[in-house]
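What follows is one structure encoded as structure tokens, with my remarks underneath.
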Amino acid sequence: MATLTRQSGEPTQQELQELDRVTIRFAGDSGDGMQLTGTQFTKTSAVVGNDISTFPDIPAEIRAPQGSLPGVSGFQVSFSSYEIYTPGDAPDVLVAMNPAALKTNIGDLPRGGILVVNEDEFNETNLKKAAYASNPLEDGSLQAYRVYRVPISTLNARALKDSGLTAVQIDRCKNMFALGLMYWMYSRPMDTTLRWIDQKFAKNPEVAEANKRSLKAGYNFGETTEMFASHYHVPKAKQKPGLYRNITGNEATALGFLTASKLAGRPLFYGSYPITPASDILHELSRFKRFGVKTFQAEDEIAAVGAAIGASFGGALGLTGTSGPGLALKSEAIGLAVMVELPLVVIDVQRAGPSTGMPTKTEQGDLLQAMFGRNGESPVGVVAPASPSDCFTMAIEAWRLAIKYRTPVIYLSDGYLGMGSEPWLVPDFDAMEKIDPNFAPPHDPNFKPYARDPQTLARPWAIPGTPGLEHRIGGLEKSDITGNVSYDAANHDRMVRFRAEKVARMVQDVPDVEVNGDPEADLLVLGWGSTYGAITSAVQRCQAKGMSVASAHLRYLNPLPANLEQVLRRPKRVLMPEINLGQMRMLLRARYLIDIEGLNKVSGRPFTIAEVENKIAEILG
Amino acid sequence: MATLTRQSGEPTQQELQELDRVTIRFAGDSGDGMQLTGTQFTKTSAVVGNDISTFPDIPAEIRAPQGSLPGVSGFQVSFSSYEIYTPGDAPDVLVAMNPAALKTNIGDLPRGGILVVNEDEFNETNLKKAAYASNPLEDGSLQAYRVYRVPISTLNARALKDSGLTAVQIDRCKNMFALGLMYWMYSRPMDTTLRWIDQKFAKNPEVAEANKRSLKAGYNFGETTEMFASHYHVPKAKQKPGLYRNITGNEATALGFLTASKLAGRPLFYGSYPITPASDILHELSRFKRFGVKTFQAEDEIAAVGAAIGASFGGALGLTGTSGPGLALKSEAIGLAVMVELPLVVIDVQRAGPSTGMPTKTEQGDLLQAMFGRNGESPVGVVAPASPSDCFTMAIEAWRLAIKYRTPVIYLSDGYLGMGSEPWLVPDFDAMEKIDPNFAPPHDPNFKPYARDPQTLARPWAIPGTPGLEHRIGGLEKSDITGNVSYDAANHDRMVRFRAEKVARMVQDVPDVEVNGDPEADLLVLGWGSTYGAITSAVQRCQAKGMSVASAHLRYLNPLPANLEQVLRRPKRVLMPEINLGQMRMLLRARYLIDIEGLNKVSGRPFTIAEVENKIAEILG
Amino acid sequence: MVTATRDDRADGNVPVLTRKDFVSDQEVRWCPGCGDYSILAQTQKVMPDLGLPREKIVFISGIGCSSRLPYYMNTFGFHSIHGRAPTIASGLKAARPDLSVWVVTGDGDALSIGGNHILHVLRRNVDLQIILHNNEIYGLTKGQYSPTSELGKRTKSSPYGTIDAPLHPLSVAIGAEATFVARAIDTDAALLQNVLERAHQHRGASFVEVYQNCNIYNDGAFRDFAAKEVRADRTILLEHGKPMIFGKERNKGLRFNGARFEVVTVGEDGVTEDDIFVHDETRPDPGIAFMLSRMEWPEYPVPVGVIRAVQRPTYDALMTKQIEDVIAAEGEGDLREIYLEGDTWTVEE
Amino acid sequence: MVTATRDDRADGNVPVLTRKDFVSDQEVRWCPGCGDYSILAQTQKVMPDLGLPREKIVFISGIGCSSRLPYYMNTFGFHSIHGRAPTIASGLKAARPDLSVWVVTGDGDALSIGGNHILHVLRRNVDLQIILHNNEIYGLTKGQYSPTSELGKRTKSSPYGTIDAPLHPLSVAIGAEATFVARAIDTDAALLQNVLERAHQHRGASFVEVYQNCNIYNDGAFRDFAAKEVRADRTILLEHGKPMIFGKERNKGLRFNGARFEVVTVGEDGVTEDDIFVHDETRPDPGIAFMLSRMEWPEYPVPVGVIRAVQRPTYDALMTKQIEDVIAAEGEGDLREIYLEGDTWTVEE
């Protein structure tokens, strides 16, 4: 990775250096508005044409005391002149607004990295809150870094002294000062942010004015002081032309499901019980009343999925969403949906488990629960988006499959995708393929609740209100064709195999998996879900170094793509990185008897590019 | 299988023939007391020294109209002069007390089999209730069988005419007449039953007298009429000497858990919510108040497991039990037990799924749910009894492992084991190995809630009430050693691997799997749980025919026995029969990359010996 | 078979239906003599009077003997999983307010495993009819005690008697903000039909407890007060606006004594009909209704009929209205607009 | 650190403890200004007065901000899973009646996902103290509405306002046969301490609702009546055996008007203190307690203190007694005997 620290040698006179990628982390107290600062920097970088990728590091669920270690909030943004897939392994620049922010983030800054601190905050009390015995700015513990001590609070206060605002209000603007400074350092225009400030504080011109002044003050500080050796320029990236917006995985998920309902021409019903990190999807969808979206905040996860099943029975798109512990609670009801063969989509934004685990941390630990977490032979479809913007696509795919095959489909996102963001090429609705709910027609004399479509094995979706189709369904084993309750031995065996075969046949609608690189390479790195970014970048770098390695990625997990076996047999070796102990690897080994190797990390964090890169080098080296 | 129908040629004058195995099925209306009749025949056969195996066929949950098809109740007993492991594939003799019983059971009677019908019941109404267009006794549809039409009701009524009982009471005795007839046909003594009648109706001598008379009348009818060509004798089986009782799997399970608590010297707490076919365990344990057993009929399965966890936290043996749908509901709480690392045993008496499925039918469909039905990496121990009497042994083993390793263990029984019965060699409590709860001692200055035993990786069991050990546990990730809440990345990875390794280390207490037959045979038939009987018999028969086949059986499913890989690599091929679509086979393929073949049947019924035998022949033939 | 032709449906005319139109082709599978037969019969009887075509009616149940009822109704039906019928019904009704949705449940299904959903469906006031077959036992699983079984009851799972005090279904319902609460008895066909019709007329969640005899595992549980011979003296039919009078001679009544009700006899020690408390099912304050829900034989006559019926907007109606209001105020949603929310930029060729 | 030495414990003497003995070494992690701080402080204050050694006390919670409280108590503690604390506490108390078991929960934890367990732990009357921190919001998940949020409330998950009518926690509890029901306010330390002590003294399930301010997501939810300045006029402290009088001037009171309570002023239009209803927390009939549980500002003053406290055998005591009785009657169980139940036979050598 071409980074500032590696490129620049000794500081020189404010020269303008060109870089192809930079990663900045803003860190401060929850109250310091770091998320906002990072979002603004991201937006501006996008507008100037860089490729971007971001990840917020929000403190565990609740607000901790001001200035305390658990209260630190961070936002990392990576921007570049080439296509990138992750928010960067480590920051090149760390902006630390207080001692606690320094303490919790300095570990990630590589030696020689740039550290900008708000030195005003490094006083007794704050140092104590951050459990610093001595002041790191004085005790030499930061020698490894290029430290810039900026009295941000003071400078900001001075800039706003005659703004007519209270001291508290003034102090709130200091994040804009920091942002301005970074804008100068990376030669970004301020206009996007200036416009945004005007909008945001339209009702409050004084505050707007103050924020704008802080921003400019920060920018000018960089320009005018001798403090900074150099500043930098990151050229545009080559990107597919079109209209873009920055989007998080959870936003894309919500938009994807909304879009699916429009494509199917059926209302969306979302039954959910709040849970980190899935709650944002509920928040998003509950805003979409104008689209007729019905959101049901249930008393628990069981009620949420039950209501979704009821809505699907009624002909709506019954959707339910949760995280791992909630999926466990939904198990029994998902089994019911398997038996009654109704369309249902279940979102699982995975988080670190087992049990309550680490709610704000990411993991891929629920794959086997999604596959097998129900009594009896209870097959369901499983899909997994590969990146924040891919959440949009796979959400629609989930419904396409669920409706066509009348079956539950589990949509496996995770905290890293849900909270992470990247640019999204805004799609054209009219160009998307419609979804046909294909309801059973009224008064069909040949209607049989469990008669199957010969190609898909799907049964009719016969919704209440349709004259002539009155019938009863339920969780007891059904008799083939009639759907009546049956304890017949041969019938049960047949139905069990029908349900399995139906899910297997979804492969008809699953695209082949693509190989990036030589299909016969010495090593194929196979991933699924959110490991896409790290794997793709790592493999591209290794390829650039001339290693014989290729990558492939699974977004359809059950059924698996038809060509997967070939793809796995052609390379000499196969490596599967997973944020679990090897769940998908187990499924593939069982199915194909191929000795797939694992790279497994279960630390609540995504893979860094370097981790994957090193493992590849180790195998091929 | 040497059976009557194969041996005897033309009927001759009431000759006494010797047989080595006979299977009888008694079938009648729920009201006809067939279960009781079967049990009596079983007991007498046991007492005369035959090996026995039985299986009841009880109608789906509730009582259906008298004489109707769903109202039919059956009981099959197999008795023999050699060791047997199943209640027999098909009956040699079918006793049908009414048309409905004939209709639902005749399909299982092989051509040439003996059919005894109570012809009095074959009247208009009953034939209609059984949906017979014409009387099968007249229309020749029974030609394939050796039919004996006995006017049981009339003969019984005649025998009791001056008994002073009401017509209804008299009719209730007719099952004794049928039993007596079978006692004569298979040369069994009546005394055991006569004694039992006296006890049962001690308070009601008239009724006792009547039942005894009916029994004798049936016996004499066989002896005196010319009707029966021959009767039969089945010699004693060679059996381990000792005191025996007949026991069902559910009874053995209850006794096993009671015994475990006595071995550990800690009270048993059973939290459960009724569900077929597990309810009997609750019924049994709730009788054991004299042993201090506490049973908690919870409001649902979640409360049941929650209460069990609370009891274990308090130092009791916290046990919970259910069937598949209930296990799904317990998923989240079992994950909590994994995180807090407390001993917990979860009984799953599996039934046919998915969803409500067929509650009264058996299946092995919950293995993968037991292994993976929780969010995150959430490993637990899994054991499975192989036969009704083995339930006793494995129940104790489950607790031995759960306590030693401070972890949940899932005990996988099924409807076939739970309701089936076989002789049980009554064990000697004093000879059993004790279980040491090994509580953390009071005031231990070095006490750390998550410090681990170096050999087992178990953490201390530090129960409330112990001075000096006050500490807090919970579902959030724990810091190694201290057990405090931790979001540390490296710690999470370490703890995830600790939990996995701990369960893996249970292998230290898992006996090696034994091979019956040549370890290098052309075919190894591997089973787990309730398939033991059919597999063992089938393999023995094939071995007798000189085929190169061996069998092995798994009772410890997670972790797997240390020697399993060898055992699987030595034979040329491996066949795994399962009452599911291949769940254990998948686990073994993934782990060992061995191409294990499957014999899978998911009809709610156990394998017949013949099914396994034929598959073996097909593979080796 | 339905007598209606397609056309009059197309015209939206309601076809003329009879009880038989609501009998499905499935063989009824309850024990002979089970109280569920009567509940089924009365339910089928009132259906034609609802003035709805069959396809607009849906019966949703959990698991239990009682929960098999939907199979026998020739309407749409869903025999779901244990305790969860209210959740499925809530989702269906919210998605499809045009349907008449009935929940059939048992004392275990509704109050044991399903208790939480009952609380919430009632407080949300989803427009459903919830019919609870209370036989004070678990029938389907063959006779364990239920949350309504009397303290000390000996059953398969309580050989030495239960130690769990029972819940009062109607008290639970009123405690959960129920807007319609009623009670009927399986063997009193007229009362049951009337209560079912009232439940259907009520806009909101109607909670109906039906005492149902399980003649196999809990025979005679209600005999003491529900048996024909004694019913008049040991139950009291509550009628809106009428004094709470009961008894064969219609001379017994309920008087409020300042903090609780007491049974008095009109004509004895100075009690006149004016002293008798007048039943008002529409009281906004549920206090009195709650007191009625506590009354048990022998201290009191057992109240039957409609105990509480108040108006409150239904969940499904509010959900629809909120969407209509938002659309009226902000206009129909435009996908493109939502896609472009937040900050956008263009990458040129 | 505990001041007691091993020995006096060994003697079973209760060590002399102070509030500090109940403060754990964990850093408290609530938002500055959160009402949970006061609840924690009062809980730690009353602990020494329970006369129990620390190891005999267990705090069990579900998930939520409130549910973090056990980490801060230097006793045994279990931070379990969402809504299930009552089940774990029931199992622990049934297995270990010698322990003092406290359940700490929130409005979502107890009444949303945990509603069913609350119903059943109350009707069983398991001897627990259940402290519900009611902040009328989901705090931990950052501000969605809860089952106690007022109708129409705008939150992250209800941008256009909620359409779910709230539950009244005390009504739910009384509807579920609760034997002890009380209410306190986070900012009223004396009241809260008193209620906590009463809860502990009560033998059976004690249900305590504490109004707790979430200053981040639902600030001021109770300000209207709980703020110091107005509290005297807008709340009423219920005291057993005393007339229901409130107000700064102690001249307002509650009178029962035949079917419901009304607020009257003593001295105005002929109202004397004798007209004021006298609080009796021990009434067997929960009707009046239920009416009190419905009272809301501004129509009524908000009742605080102990609303209901009646005696009923506890589940854990009955369980122990049943076992003792059976053993007394049938003798200690003998394994061998049970093994040999049913029919046995001997196979000779």
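We just call them A, B, C and D in the order they show up, numbering each chain from 1.
One rule holds in what follows: contacts are C-beta pairs under 8 Å (C-beta built on N, C-alpha and C of every residue); 3 or more make two chains touch, one makes a residue touch a chain.
The structure displayed is predicted, hence computed values, not measured ones.
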item: Relative to chain C, chain with the most remote C-alpha centre; value: A
item: Of A-C and A-D, pair with higher C-beta contact tally; value: A-C
item: Cα-centroid distance, chain B relative to chain C, in whole angstrom; value: 40
item: Cα-centroid distance, chain B relative to chain D, in whole angstrom; value: 45
item: Residues of chain C touching at least two other chains; value: 63, 81, 112-113, 115-116, 119-120, 147, 160, 164, 319, 322, 326
item: Overlap residues in chain A, where contacts from two or more other chains coincide; value: 289, 299-300, 325, 332, 336, 355-356, 474-476
item: Chain D residues touching chain A - in the complex, by the definition given at the top; value: 29-32, 63, 65, 81-83, 112-113, 115, 138-142, 144-145, 147, 156-160, 164, 216
item: Of chain A, residues touching chain D in the complex; value: 61-66, 70, 273-276, 279, 282-283, 286-287, 289, 295, 297, 299-301, 325, 355-356
item: Complex contacts: residues of chain B adjacent to chain D; value: 43, 46-47, 49, 192, 196, 239-247, 255, 258-259, 262, 267, 269, 271, 288-292, 294, 296, 298-300, 302-311, 313-316, 318, 332-333, 336, 340, 426-427, 429, 442-443, 464-476, 484-485
item: Contact set on chain C toward chain A in their complex; value: 6, 9, 24, 26, 53-56, 58, 60, 63, 70-71, 73-81, 84, 86-96, 98-99, 116-117, 119-120, 319, 322-323, 326-327, 330-333, 335-336, 338-349
item: Contact footprint of chain D on chain C as seen in their complex; value: 111-116, 119-120, 123-125, 147, 160-161, 163-168, 171-177, 256, 258-260, 283, 285-288, 290-291, 294, 312-313, 315, 318-319, 322, 325-326
